[in-house]
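So, here's a batch of structures to check.
What follows is chain A paired twice: with chain B in the first complex and chain C in the second.
What follows is the complex of A and B.
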């Protein structure tokens, strides 16, 4: 008799031999995660309903997420050291650590809460008990606490994931991340936390060049991180390691970029519920997500290319096109709403790669060089920069409107929303819809209420197109 | 049958009330408003049947119908569903061709809609998660003050020293009412403060769309004269209110249904 998880794992692209060969690991991880036969049955139904599993690439990517989850959960007992970093991701830094750490023994490096979003959120729809545990353990509800951090707190408290050997708090953007890390450090055994800070105070118009003091400050923080990694774990990161690390992820980034280009077609060939699975692969873990993830995305690219050639779309050709800020990272019901109301999403803001910086200063240290790149490409270091990058995305994707959906407990994104709408409406002459939601916790919005807004926006764009 | 003679229906299933409007051409034959109750599906069937009975017509004689409102998807007999945002725009434009802004405050949501000359949406904003700024907020406040929902607007106009309402969260505001009563504040002044606070909230929300003239106020809350005054005071502009502001969504749905028949 096939094991209880067999159907789901096959739907998620596992090969038969992977299931039998990994049986002990799979069962051990699922036991720790309290995932039983009923969960598998429900998840199989959810995957069939919300994801385009006719596409082998989608199935494989779902599988990559489950493999990352298993690797994370078993990392400690399999003798690995764990380094956690927060979200927004520290992907190149994480890769560099992985590349440098290879000589120092086995490491699991990544963002555990993102893996929980994609698996316990998207696939199993079983995040609420983890969120509730995170709320009970010091990040209470009703205080606009970031749900992503509640997930990490809950998973640690429930002992679903090991306490790390090191946590890197990406306070370079979010002011809540380091506070929550401090709380978790205190609660779960006093593991070391390295804080990477930056100055977010950006005057309007500061992009693409930044105040040098800000670059130096952020760079100094990154240099401090590299020094601490050497002191704590013997991991040495220099220029060679850094650029070598980039090669590790090059296939995944290249495949993702190729997919982004294809999604801009008309008709749009892939639903955003499916493309969401791709976007955060580099953010999640530095193991199977980078290695098998690249292969899975390449498969998807080939399948989507075929769809484009055949003129297949998830919405009809000439449907109103919108640029979206971000999908829900846990809720395929929300992500599916767009195609259900007839809106084509040729891209989301974070999927399109940032342009090359026009000029770069000869910074003396690796930290400063990385800081400048991060500030230029990131969405957090300048509201003006964010909007200018949105305009570039608009020009590339030829959209009819913009949906700026923001994570309601995220102060930078919420404040930016009030700048984005009037600016895009005035400068790009495009209708802009603001959607107040939560990227990581579907209890904090009503998909039915958001549907009315999206449906009305679609009606408006259709009417405008008809009279244009 | 010529399109002008076709019988068309708009059905608006809101959180508090279900509405229907029947048109023949551009003539409003009749309209109906009933409480939604616990079943939106049943409310839709009831409001439709009441209209048919009143006009002595059969369902088969309705050439086209469009459902709108938060319960629109449960109206399985409708030929099409369209959001209440589009329908309010069309309904207002039909009655007031010069209108460019619609303020709609219903049972569970509030909206500010900018419309173009044809009544199509040009821009819109809706309240987010919170019930403050909706009809439900006023219902809860009326109950807390032991006042009739139909009278609170008039009572608020009698307040000569509106209370400062520091919180427009529905739950917290209810306890604030009790504190204010304990301090000896008059019911009229508390109500005047409530209306002013709610108007402030609507205007802050609507600023991202703007308030172009003419402004028309629709939805059940538009029957509240105190809210009209509070909005006018804060906007410094006159606000128009249709004779029956509750049926504008259904009217817009019927007009859109008529357009379908014409095609």
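What follows is the complex of A and C.
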């Protein structure tokens, strides 16, 4: 008799030999995660309903997420050291650590909460008990605490994931992430937390310029991170390691870029519920996500290319095109809404074109060089930088409107949310819809209510397009 | 006490005083509280510093709704509402507003006012980690502030002028410390409402007269006969204690508690610091305001503040701690989760956590919780 998880894993692209060969590991991980036969049955139904599993690439990517989850859960007992970093991760830090750590033994490196979003959220729809635990352990409901951090807190508290040997906090972007890391450090056992700090203090209108001192400070913080990695874990990151590390994920980046280009086709060939599975692969885990993820995305690219050639779309040709800030990372119901109301999403904010980088100054250290690149990227520069980069993305994707769906408990997105709409409408002359939602916790919004607003927006765009 | 009456009266007529200074041609320089904007620089530039410390009024929060999301800290939303609505005369009087960028809440304030108003807004960053590099970055920000003030006022902030201003502000801090130490006594020397009022006044009224009043107050405190304090001694701490947000202290006092020491980043000035006078004045300002002071909750890590609270609890012989914070100030909210365990372990004391959105409807519930807490301490 086939194991209880066999159907789901096959739906998620596992080969028969993988299921048999990994049986002990799979069962051990699922036991720790309290995932039983009923969960598998429900997950199989969810995957069939919400994901385009006719596409082998989609199935494979779902499988990559499950494999990364299993590796994470078993990492400690399999003798690995663990390094967690927060979300959003800083550029290629995870890759550089992976490249440099190889000589120092076995490591699991990644962002555990993101893996939980993709698996316990997208696939199993079983995040609520973890979120509730995260709430009970210091990140309470009703206070706009980030649900992504609640997930990490809950998973640590429930011992679903091991406590790390080191945690890297997102002090360069987010206020809540580093404070939550501090809280978790207090709660779960005193492991070191490294804060990579920056000051997002640019005045409105400054980007793409910046005060050089910002680069010096941020760069020195990054250099401090590199020094601490060496002191604590013997991991040595220098220029060669950093730039070489990008090769580790080059196939994945290339495949993701190719997919992004195909998504810009008319009609849009893939639903954002499916493309969401791809976008966070390079950010989430530095193991299977990088190694097998590339192959899975390449398969998907070939399948999507075929769709484009055949003129297949998830919405009709000439459907109004909108730029979206970000998909839900846990809720395919929300993600499906766009195609259901007839909106084409050719791109999302994080798939921005590369910034037009002015001539670089000769910064002497690796940290400063990376900090400088971050300034041009906009998001780590200022609210204004973030919005201006969004404008560049709008110009690049030729959209008819913008949906600024923001994670209500993410202060860096919330602090400028009410400036985005007037700014984009005035500067880019595009209708903009603000959607206050939660990327990681579907209890905090009503998909039906959001649908009503999206429908109205879609109808308006269709009417505008018809009369243009 | 006569000195207190003088200060109260000066604070009440603060706006008139600022108007008079403005008519004389002086620049009125606003700043956002938090203890990271050294008034010394403004004084040395021959301008008038005034802190945007008013709060507690829910109508200002309501006025902000069109401009900023509700998930931003109450005090900052109130500032946005007050400024853009044009209802606050202090904002109308400013020649510039300096905003120390501490977290996303102050970013929201700075960006929103820059976008929606013509006001001259000057943000400068406060690093979140104490280090040499952090202090250097803070000093860089102060230097930009200095340059901006010089450009606005046409007055060069020389080392001598700055040293004089530091001496004035050091004297003010010294006097506030001295007054605060009276509160260690088992007798009731000075009420919390009065001490908080002194802090707020120090951010608004003319320094020279204020210092004179403080000196008089010290003399009066040395001479008056005090009665033994009845009821539990309370340490009141949190994110922001704005001028006008007196509900919390009134409720504690009406329930029989006595606030004997306060710890707030915004609303209580960092009077425990002294700026060195035997060093480069700009460097000395950075050292004192960034490194020497106890960092607020949004620092990473933020244990220094918690250790200081335990120290204050002992120094002021408190019987309990009330943690009063504003909605959506997440760094304080998180610390309020694990601090009670630290506090109990180190001092045996318990803690009550309260939150406010400046909503009058909170009062009843808050009162019940404070009353219960005070009762539990008494027993």
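The working rule: the second predicted complex is superposed on the first by the 463 of 468 C-alpha atoms of A that agree within 3 Å, B and C clash if a C-alpha of one lies under 4 Å from a C-alpha of the other, contacts with A are read in each partner's own complex, and residues count from 1 in each chain.
The definition used in the following text is that contacts are C-beta pairs under 8 Å (C-beta built on N, C-alpha and C of every residue); 3 or more make two chains touch, one makes a residue touch a chain.
Remember, it's a predicted structure, so these values are computed and weren't measured experimentally.
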item	value
Touching partner for A:463 - first (chain B), second (chain C), both, neither	first
First (chain B), second (chain C), both or neither touched by A:436	both
Contact breadth on chain A, by residue count: chain C or chain B	C
Which of chain B and chain C A:421 touches, first, second, both or neither	first
Chain B versus chain C as contact partner of A:53, first or second or both or neither	neither
Which superposed partner A:373 touches (first chain B, second chain C, both, neither)	neither
Partner chain(s) touched by A:254 [first = chain B, second = chain C, both, neither]	neither
Interface residues of chain A shared between complexes with chain B and chain C	408, 418, 422, 436
Complex contact set, residues of chain C against chain A	66-69, 71-72, 101, 103-105, 107-108, 110-112, 114-115, 121-129, 131, 133-134, 136-137, 140-141, 297-298, 300-302, 327-328, 330-331, 333-335, 337-338
Contact set on chain A toward chain C in their complex	137-140, 143-145, 169, 171, 175-176, 178-180, 182-183, 186-187, 193, 195, 197, 199-205, 211, 213-214, 216-217, 220-221, 224, 382-384, 408-409, 411-412, 414-419, 422-423, 436
Residue numbers on chain A that touch chain B, as the complex places them	408, 418, 421-422, 425, 431, 434, 436, 444-446, 448-449, 452-453, 455-456, 459-460, 463-464, 467
Chain B residues touching chain A - in the complex, by the definition given at the top	70, 82-86, 109, 118, 120-126, 128-129, 208
